[in-house]
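Consider the two complexes below, in which chain A is the common component and chain B and chain C are the respective partners.
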Partner chain A sequence: MSDAGLAPGAAALGEVAAGAAGDAPNGRRRLGRTGREAAVGYLFVLPAMAIFAVFVFYPLVRTFWLGFFRVAPYPTIPSKFVGLSQYKSVLTSHDFWASLGRTVEFVILTVPIGILLGVGLATLADARIRGIRFFRTLYSSTVATSVAVASVIFFTLLNPTVGLFSYWLGIEGGNGILQSNTWALPAVATVTVWQNIGFTFILMSAALQAIPQDLLEAARIDGAGGRRRFWRVTLPLLSPTVFFAGVVGIIASFQAFGQIDLLTQGGPDNHTMVLIYYLYTSFQNNDFGTASVLATALFFILLAVTLVQFRFIERRVFYG
Partner chain B sequence: MNGQGGRPVDARDARTGLGGLAVAEPSRLAFEGVTKRFGDVVAVDDLTLEVEPGESLVLLGPSGCGKSTALRIMAGLETPTAGVVRIGDRVVNDVDPKDRDVAMVFQSYALYPHLNVRRNIEFPLRSRHVPADERDRLVATTAQSLGLEALLDRKPAQLSGGQRQRVALARAIVRHPRAFLMDEPLSNLDARLRTEMRAELAELHLRLGVTVLYVTHDQVEAMTMGQRIAILRDGALQQVDAPRTVHDRPANAFVAGFIGSPPMNILAGRVDTTDGIAGVVVDGGSIPLGPAAAAALRQRGLPDVTVGVRPEHLRADPAGTLKVTVALAEYLGHEQHLGCRLPGGGLLTVRLTGTRSALGPGDAVTLAVEGDPHLFDPVEGTRIDV
Partner chain C sequence: MGRHWGRTGRYALLLVAAVVVGFPIYITVVNSLLTPQQIAHRPPTLFPLHPQWGAFAQAFTDAHLGLYLRNSAVVTVSITVAELVTSVLAAYAFTFVQFPFRRVLFFVCLATLMVPMEATLIPNRQTIGDFGWYNTFPALIVPFMASGVGVFLLRQAFLQLPHDLHDAATLDGYGHLRFLMRVVVPLNRPIIGAFGVYAFLTAWNQYLWPLIVTDSDSVRTVQIGLRQLQSLSIDQINVIFAGTLLAALPIFILLLAFQKQLIRGLTAGAVKG
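And now, the complex of A and B:
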């Protein structure tokens, strides 16, 4: 603040005020204090920032940059700067849109069903009956299973000659479900849902147990039957967890790789060629340029999806 | 419904400003030999108790005495192990809480945190498919009667403790239940607000004339809220009576020690037979008895007796019969409590009103007992009637 233009009286008042403030006679000193606090704050953030910088931010920028270069199929031939043209060609290609479509399909097949099953099983396992711990353990057990193990189990179950599922479905001896254009993606989605169910179950169980019993009892006395209690009390109070599971689930499904690599490698006939696997194949083919464009695209798609979720869906979420 | 005692509704409304708030005919509540066990623990032990239609009965007892369990049994949140529970004339043992038509106010208020005040109050009406216009009318009347109109669009988190309490009450009142069950509804409020809400609840009960079963561990609350008080201990009923009777004629030493603030002094005594029966010898001296009490003890013919003396019935008097030493003095403004050490180590509380006594720690003092002490059987603890 400048003193110019201030009436003498006002200046005198200012002096009085400054005097009354005692050990903080001017703004600079206060600023100094907040500055020091900020410095300490940044110091605490620094280690995390350093790790993020090296392993996340630098690769991110580098990936974005690599998208400007067309890489020749032979390592001996130097990459060529092509500007945005590679972004344009990849992002308008049929392969990109097809893989994005598969990815969306995959997300739709995995996330809602996963959450539904998680909430459902958690609600069932919340019952206070003898031996319920056994079921709780059972339902959460897949959390201790890796993607690889889950994939191998299902690979065997889905095997056209020795697989139990093929036998049950009466399609043993054929090409098998994983070779079916129609069923390959749902099969991979099933593995994903199965593998994630333990995590979702634990998440939902914890959230259910956090709901005060009083509220459900009050609802019972207020005349609400089981269904109304679930829809009007339990579910709204679960909504933050459901929302969280949704955000995390969508990101995980966009990035699901292991099960596809182990079960179908993007086949049959590209029917499980999701974005991340397309990226991987490009990378395998030494087409780092395309892979980088796809990685950048995946990043921005996930960013957009998450922002949309927070902007629109979070409004319906109740935080206690 | 008709006003209580045939009073015309209009007059009552004019008196109370309750508008069109009608209440269902209040019902009788009854426990008939109700027992509840949790594993080996007997929470409620053969409880037989009736709440008359329109009566406010308080279940009082220390924590863990089974009073909340009894209330939850009435609400249908717990199933009795044995016995019959009735609401009105209907046996409700196997009736779901939602079909019992009783309202409950929880200690935690149990407001639905994701719903605003209006939706909270409406909840029981929506559950019962009350038409929208009727619902709006009921919510408006109830909100008005409890001074909640300005808060209808707020969420519970935006309310103070007293306001939440009022919303919980509104949610209970709005559907005109046959009875109110209240589980320590005031214990989450600060002392000042509790006193205020206590008066409000008592007034509300008078206005609505509903049956209330009220659980508390606070004897002041019990004395002010209950037309009758039922005292429970370890799941067993000790006494059911009007507050004054419970205070003046406690059925046993437990009730005597539980009711009253500060609590009654309970002393082990021996009947003094040296020259007829004129008193009971206790640590620090003796307590004289009137002729009726003396006769009762003589008839009983046993040497030992438990004596109860209310702190307000003790006063410093050089002609007194108990010699004690003041151990601590608490000055509360309108009264003073003296903790007096007996020669044998026991503590005797004296409550002094009026002018502040100069007595302080270390002072030797002689106490006189006013009137007859309460006498109890030393083994059973039951009152020896005089």
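And now, the complex of A and C:
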């Protein structure tokens, strides 16, 4: 504003002076207004910030801190500060690496297959033909199921004595798939893939519809057949969404808890003891030290995955 | 070959996929309408010729499903409303209000996206104990009354509004609250709706946190109720199926009613990112 006062020309001076005189009280009011403006700003962000402070940032730091304390086997004995030694012992333990291995196995069993099925279904349903709305709604429908709903349905269908799936698999009366060292984790993964198929389908369908029709038309005019158009035009344009689904899927698989809790509780014989369930088990056993170290590890693993995603987005902004 | 075969082939594949994806839900519906004896019968019954509706009533009487559904509704609606209010306010401030440390505070909001709930579980459980909130609704609601995703999504949307709009409103004597309620919120109804549906779905499906901060039926949500339901004995297997359907029903209705918002909410991250 004050720049206007520097306007050249003697003729304007009088006006400027008058303006300046008139500005003085105004200026003070404006100062008050800035203060009020800031107060409004802080007031508006305060509720969100207060929640984040109490339930996100404070507990995150405290989790790191609790990792320094070893919990005594009896609740009456206070925990003891042991510095980094607990981090070292937990992170080099067999149990930790075994659970991490199970988690990676689980990621491999769920993420690629889930994406493949999602892209396949979305491509299949991406046609203007009669009745397609019915199929689209049906493929999206598992979005309406929660992890718990999906798990209870499959748990009951896999029941070793009366489960329909057990009957079809010819193992009725036996031990059941969820009690099998070999098949428990793949079974949990199957439930997870099924429960996620609706979300992946919706995601991929939206991405397919965002592909400009004239690009496909141009490829058709250039003589590219259906298959060629899919590999050369559709799939490359779909790749950012596939990448997004991959990252989201990895993060979700690391957090997969409900299906383990409802289907296997980490068993049989620790064959589905993934990192998050190991954390929960330690927590349930009041071993807060071990649980905190595991939570810290989980945090940094997921942070690394997220940062890879951010870097990728940055690159896309640059080159895309 | 030709067009005709291509179309028939596509229908065949669509149908096979529909059977595979739809079967678990279909058989759940069928089994909820059979007696336990009929479910155990071999070869299995794949269509209920004489539907029995008793299992649904039993889900309410024996498995307390009504109570669980009510608790879920209280928790989910509270979280959704609170997240909408806090996110709209913060996103508005980060877009239209000038104040010191605005950028820093926005990055603080973004940083919460990198902290999974599982990483803060242990101290948060202790905090709930310190507040005396174990087994209460506040334990299930208060930690989720703000959302980094919400602040981020809504700010992105608010930034798209033409800046003259704010200037014009200011000239007309609109204060911040009036501009927010009369202009910003109405113009952004679609994205606010999309985030609302997303928030509702996320809150409804929570499992780990409710499991850790409650142990009484009086506040337990339906997802944890399913855990109790699953442990019913085999001779109530039809009740397990009926209860599972009832637990999923509200979200099915939501999906049908708000399909557009749901799709927008679920894909928002991918489209932006």
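Simple rule for what comes next: the second predicted complex is superposed on the first by the 253 of 320 C-alpha atoms of A that agree within 3 Å, B and C clash if a C-alpha of one lies under 4 Å from a C-alpha of the other, contacts with A are read in each partner's own complex, and residues count from 1 in each chain.
Keep this in mind: a residue touches a chain if its C-beta (ideal position, glycine included) is under 8 Å from a C-beta of that chain, and two chains touch if they have at least 3 such contacts.
Here the structure is a predicted model, which means the values were calculated and not measured.
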item: Clash or fit (per the criteria above) of chain B with chain C on chain A; value: fit
item: Touched partner set for A:Gln309, first chain B, second chain C, both or neither; value: second
item: Which of chain B and chain C A:Tyr139 touches, first, second, both or neither; value: second
item: First (chain B), second (chain C), both or neither touched by A:Asp214; value: first
item: Which of chain B and chain C A:Pro236 touches, first, second, both or neither; value: first
item: Touched partner set for A:Asp269, first chain B, second chain C, both or neither; value: neither
item: Dominant contact partner of chain A by residue count, chain C or chain B; value: C
item: First (chain B), second (chain C), both or neither touched by A:Ala38; value: second
item: Touching partner for A:Phe283 - first (chain B), second (chain C), both, neither; value: second
item: Shortest CA-CA distance in Å separating chain B from chain C in the superposed model; value: 8
item: Interface residues, chain A side, partner chain C - complex; value: 34, 37-38, 40-42, 44-45, 47-52, 54-60, 62-63, 66, 121, 124-125, 127, 129, 132, 135, 138-157, 159, 161-162, 164, 167, 194, 197, 199, 202-203, 206-207, 210, 240-241, 244-245, 248, 251, 255, 257-258, 261-262, 276, 279-280, 283, 288, 291-292, 295-296, 298-299, 302-303, 306, 309, 313
item: Touching residues on chain B, where the partner in the complex is chain A; value: 75-77, 96-98, 100, 102-104, 106, 108, 110, 112-114, 123-124, 127-128, 157, 171, 175
item: Chain C to chain A touching residues, read off their complex; value: 7, 10-11, 13-14, 17-18, 21-22, 24-25, 27-28, 39-40, 42, 44, 85-87, 89-90, 92-94, 97-100, 102, 105, 108-109, 112-125, 127, 142-143, 145-148, 151, 176, 201, 204-205, 207-208, 211-212, 223-224, 226-227, 229-230, 234, 237, 240-241, 244, 247-248, 251-252, 254-255, 259, 262-263, 266-267, 269-271, 273
item: In the complex with chain B, residue positions of chain A that touch it; value: 212, 214-215, 217-225, 228, 232-233, 236-237, 239, 318, 320
